[in-house]
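Next come two complexes, and both contain subunit A; in the first it sits with subunit B, in the second with subunit C.
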Partner chain A sequence: MKPKSHPLLRVAQLFAVFALLAAPIAALPSEGDATNLKTVDQDVQALKKQLIDLNRDLFKLEEELLYPASTQVAVFLSVDVGTFFALDSVTLKVDDKEVANYLYTDREVQALHRGGVQKLYLGNLKAGSHEIVAFFTGKGPHDRDYRRGTTLKVDKTVGAKYVELRISDREASLQPEFVVRQWE
Partner chain B sequence: MRQRSSTARLYVFCIVLVLGAAAAWTAHADEPARDAPPPTTIRDLDYGDVLFHFFQDDYFESIVRLEANRDFNRLSHHAAEADLLSGGLYLSLGLHTEAERIFDRLLAGPVAPSVRDRARFYLARIGYQRGYYEAALRNLGLVERPLAGKLEPERRLLEANVLMGLGRYGEAAKRLESWTDTSGWSNYARFNLGVALVRAGDTARGRQFLEQVGTMQAANEEQASLRDRANLALGFALLQQHGGDDPATALSRVRLDGPFTNKALLALGWAEANANRPDRALVPWLELQQRRLLDASVQESLIAVPYAYVKLASNGQASQYYRSAVDAYARESRRIDESIAAIRKGGFLDSILATIPQADRPGWFWQLEQLPDAPHTRYLYHLLASHEFQEGLKNYRDLRLMQANLSRWTDSLEAFGAMIEARDIAATQREPHRQEMLSGTDLDALAQRQRELADRFAQVEATREVAALASPQERAQWEALERIDATLASMPAGPQRDEFTERARLLRGSLSWELDRQYKVRATQTRRDLQQTRAALAEAGTRLAAIGEAGDLVPRDTLGFAARVNELADRVARIAPLIDSTALAQEHALADLAVTELQAQQKRLGSYSTQAQFALASLYDGATAGGGR
Partner chain C sequence: MAAAIAVTASVPAFAAPPALNSIAPDFALKSVDGRNVRLSEYRGEPVVLHFWASWCGPCRESVAALDALGVNSGTPVVGVNLDGADRSAAVADALHLKSPTLVDAQQSVARAYDVAKLPLTLLLDAEGRVRASWSGVPADLSALTPQLASLRQD
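Entry: the complex of A and B
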């Protein structure tokens, strides 16, 4: 014999439908949970703000203590090339001493392509003339390896010295090259 | 990699979307800072450095550098952009109140129209996230021109979602009808609107929107998943209508290997069962039974299969399935008990984060769907994908990362303290030498001497006194000639004196001629020497002043830095336990949420089990009464 459809089975069917549409509703917090979450979230917000302020002050102290403006030299790296050029590494020498040798992750390369500028080196130099030498390596179209370098004389005065090394292919050669700019 | 991340993100995004229209957009809204366009030209390198970290989604490092560099006054050329970015960064880090304060402040001042529009957009987004739909709509209405890049379609989606939040579906629909974009955002809006209309009871109009999305050409995984979701929602809507179009058409469009397959299979079974085709209902339901029992659809299939057998008059098989269903539900309920106990035990969030590779990297939470079948997590897939849980988990992760960051600073502060002490000692040791140098150098006397020499040279030049520039040897010769003259003057007149006088005259003439010949060169040299002396004196003055000043500053600097180190060390010490207690509170809050979810699942299993037992009883009753098979 064929038994009648039990009413509970009809309930089950309806439940199935609503479970599908509304199943995740179970995942929504109850009123008590939601209030608790909100309170915790407010505490976390306040704490995070304190932590950001604290980190800001620590960052400032570190720079002022270790790299006072009178001796500070910062070398920045930026990129102004087509996306077909993939930067691999940059090596930096100051007065013939290697101070940075940086290998780039994809994420960092993307950040540079999007307009970010990397603070490659922060150090101290006494007043006077200094020599900075930089090399970069990378891959261009058709997997072609590139290695280019530049040398520049820096005259360090009493104020902080900023040097920007821009890897650009917008110059006459249409190949990635360093373009150097000194900022006071 | 980007594609992978995008796909993974979508997966969770899909689950979130099933929560409803509001949650759908929130998943994207978690990362508002992403879309901020960079300025065309970097005019402050330190702003470029902030962007370098920002573009890597390293929002904490980015905001710290932004705040520090702003204090150093190094972002002056990008002041408004930096303000806008800081608001977006605070928003990304979950600091809504701070972000709102920044955007309000920005709007109160004179800023470029594009910055103003973006600030209003972000304020609208905050309002929407907090449920202040009227305020959000008001801010959106104040946006004067299209926003840059991806923000414009996002603005339109936000506007549609806000209108839906206000229940103004008609207006939302009108906005969408006139929206032709290629970015794919409008499809999300159409989906959200379709679901909202169905929920509001306007199934006919809701179906139209869902049908549009459910039949679109999908160019990538993201769109294919959205299409699946739309077909699933459409199938459910039709299933609820009873007697309208066949839901199977929409449900069959859901891919067999997607995140919505289980739900689609279950619904397809019900669609067939509703159409009195229990034999065809068994096909998807039996397929479902082969899958992991963790899934709610699979759990439900355990009683759906015997239901179909009952319909097919196979009561014996139905009884078997019901019995095994009751056992399975009991097993699952016990496992949920284990999960609740594991969660209550603590370390719940750490165990989740530990299973995610690179949980310290941005985008980490999109990998939550890959969590293992561990007691803490096995039933929490829906919960893990929910906005509330993800926000809480992000908070917890942020706090732990900041704690590690502070621990590194604690070491640095110790080193700074030692460095300041060493500087102080070195300065003390240098002090006697410095004092000696300062007291032993009479710069004023040197300057006076230099001025005298300069005056004397001016006099020499004015009178062309060539002998004044004679070399020491020439000077000796000149003096010798003067002595000879004196001797000759005392000699008696006569031929001998005349001869000597003549010879002395010749010698003087020769010397004068030589002095005159050298005069120009020597005058130039002397002038140069005097200039150099003047410069050297000035340099010496500067250096001496610097030495004096440095000596005065060292104690002050040392004390200043030492005070700052101490103050910061105090702050670190005060805040460290706060991080622990707040992280713990966050964990408890999420554990409560998880337990509530698990208890709801247990309740559902209990309900399924009761249904199975009643059905079994019904079958036995029928068998007893009719002596059936």
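Entry: the complex of A and C
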């Protein structure tokens, strides 16, 4: 497996590639050389790919620095079928402090129905016991306003903690169901 | 004069709408017809974003003109009303507005945009960057219209 270089080192490498690319462009002969142009085009495409990779690596690095695994808690939201509930908003509280309040547009609800998973919250918690409360508002059966809360006690250990809030249908009672699952 | 000084003093010195060429902060609000609207979902086309309230005289004049501009040009004109949850729908209805009117009852979006003077009108390009703004006065349609046309051609 090829070891990954540090993102800052890769920034310096990219600048060097830019400088190398700029030189032959300035020295191109007046009558265009198709082979040279093709090479430059390939280099530009390779450079674009490197920039995308670098951006991804910087994002991961930033996330690792801001939210180290030892304290990281992430809360995700997903919808399974959702016939009995039209999601309008979610308010999330951690240890009685509001950390997220999200209003869903029609497009976002459709994306969730198509299987999308939303990262609702990413933060840090000390090891120990914590309480996560989520309030869901929307339209329930018979188009009635619906508000439901669900509570989860989590024991934060040294590893990252992932919590999934899942809205599904309870066919037996024709009511929506709000399920909370923990992932280590 | 004393009143004018008092009003000026009440506005924090740093209060200013987003600078030209900066990305307008994203937000989601409920519209008077009950839909949730997110600003970033308009990316890909220019948008006129307009903060207003019914108690502000120039706002009522401005909102009607911008609504007509939106209808005639097909440009999304998004109004953010600061009257409060109960009044916003009645005011939008009374003014026969066709454009979406969003309710910023908590004024959280107005704070994010540092709205110090009303009306505040921002012209955003397809990438959500501020290309022109008018604060405390109605938008100058003679300047806004050609800028909008230019952005729609890009």
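General observations
Everything that follows uses one rule, which is that the second predicted complex is superposed on the first by the 124 of 184 C-alpha atoms of A that agree within 3 Å, B and C clash if a C-alpha of one lies under 4 Å from a C-alpha of the other, contacts with A are read in each partner's own complex, and residues count from 1 in each chain.
Going forward, a contact is a pair of C-beta atoms (placed from the backbone, for glycine too) under 8 Å apart; a residue touches a chain by one contact, two chains touch by 3 or more.
Worth saying up front: this structure is predicted, and the values here are computed from it rather than measured.
Shared-chain residue A:106: touches subunit B and subunit C both. More residues of subunit A lie in contact with B than with the other chain of the pair subunit B and subunit C. After overlaying the two complexes on the shared chain, residue contacts for A:128 are found with neither subunit B nor subunit C.
Of the two partner chains placed by the overlay, only subunit B lies in contact with A:55; subunit C stays clear of it.
Using the contact criterion defined above for the overlaid structures, shared-chain residue A:88 touches subunit C, although it does not reach subunit B. Of the two partner chains placed around the shared chain by superposition, neither subunit B nor subunit C is touched by A:141.
Contacts of A:65 after superposition on the shared chain: subunit B is touched, whereas subunit C is not. In the superposition on chain A, A:114 contacts subunit B only, with no contact to subunit C.
Comparing which residues of subunit A touch subunit B with which touch subunit C, the overlap comprises 106-108. Subunit A makes touch with subunit C in their complex at residues 88-89, 102-108.
For subunit A in complex with subunit B, the residues that touch the partner chain are 1-3, 5-6, 8-9, 11-13, 15-17, 19-21, 23-30, 32-34, 36-37, 40-41, 43-45, 47-65, 74, 76, 78, 106-108, 110-112, 114-119, 162, 164, 183. Residues of subunit C that touch subunit A in their complex: 28-30, 35-38, 41. The residues of subunit B lying in touch with subunit A in their complex are 1, 15, 18-19, 38-39, 42, 45-49, 51-56, 60, 63-65, 67-68, 71-72, 93-98, 232-233, 236, 239-240, 263, 266-267, 270, 273-274, 296-297, 300, 303-304, 307, 310-311, 313, 315, 382-383, 385-386, 388-389, 391-392, 395, 398-399, 402, 405-406, 409, 412-413, 416, 419-420, 561, 564-565, 568, 571-572, 575, 578-579, 582, 585-586, 589-590, 592-593, 596-597, 600-601, 604, 607-608, 610-611, 614-615, 618-619, 622, 626, 628.
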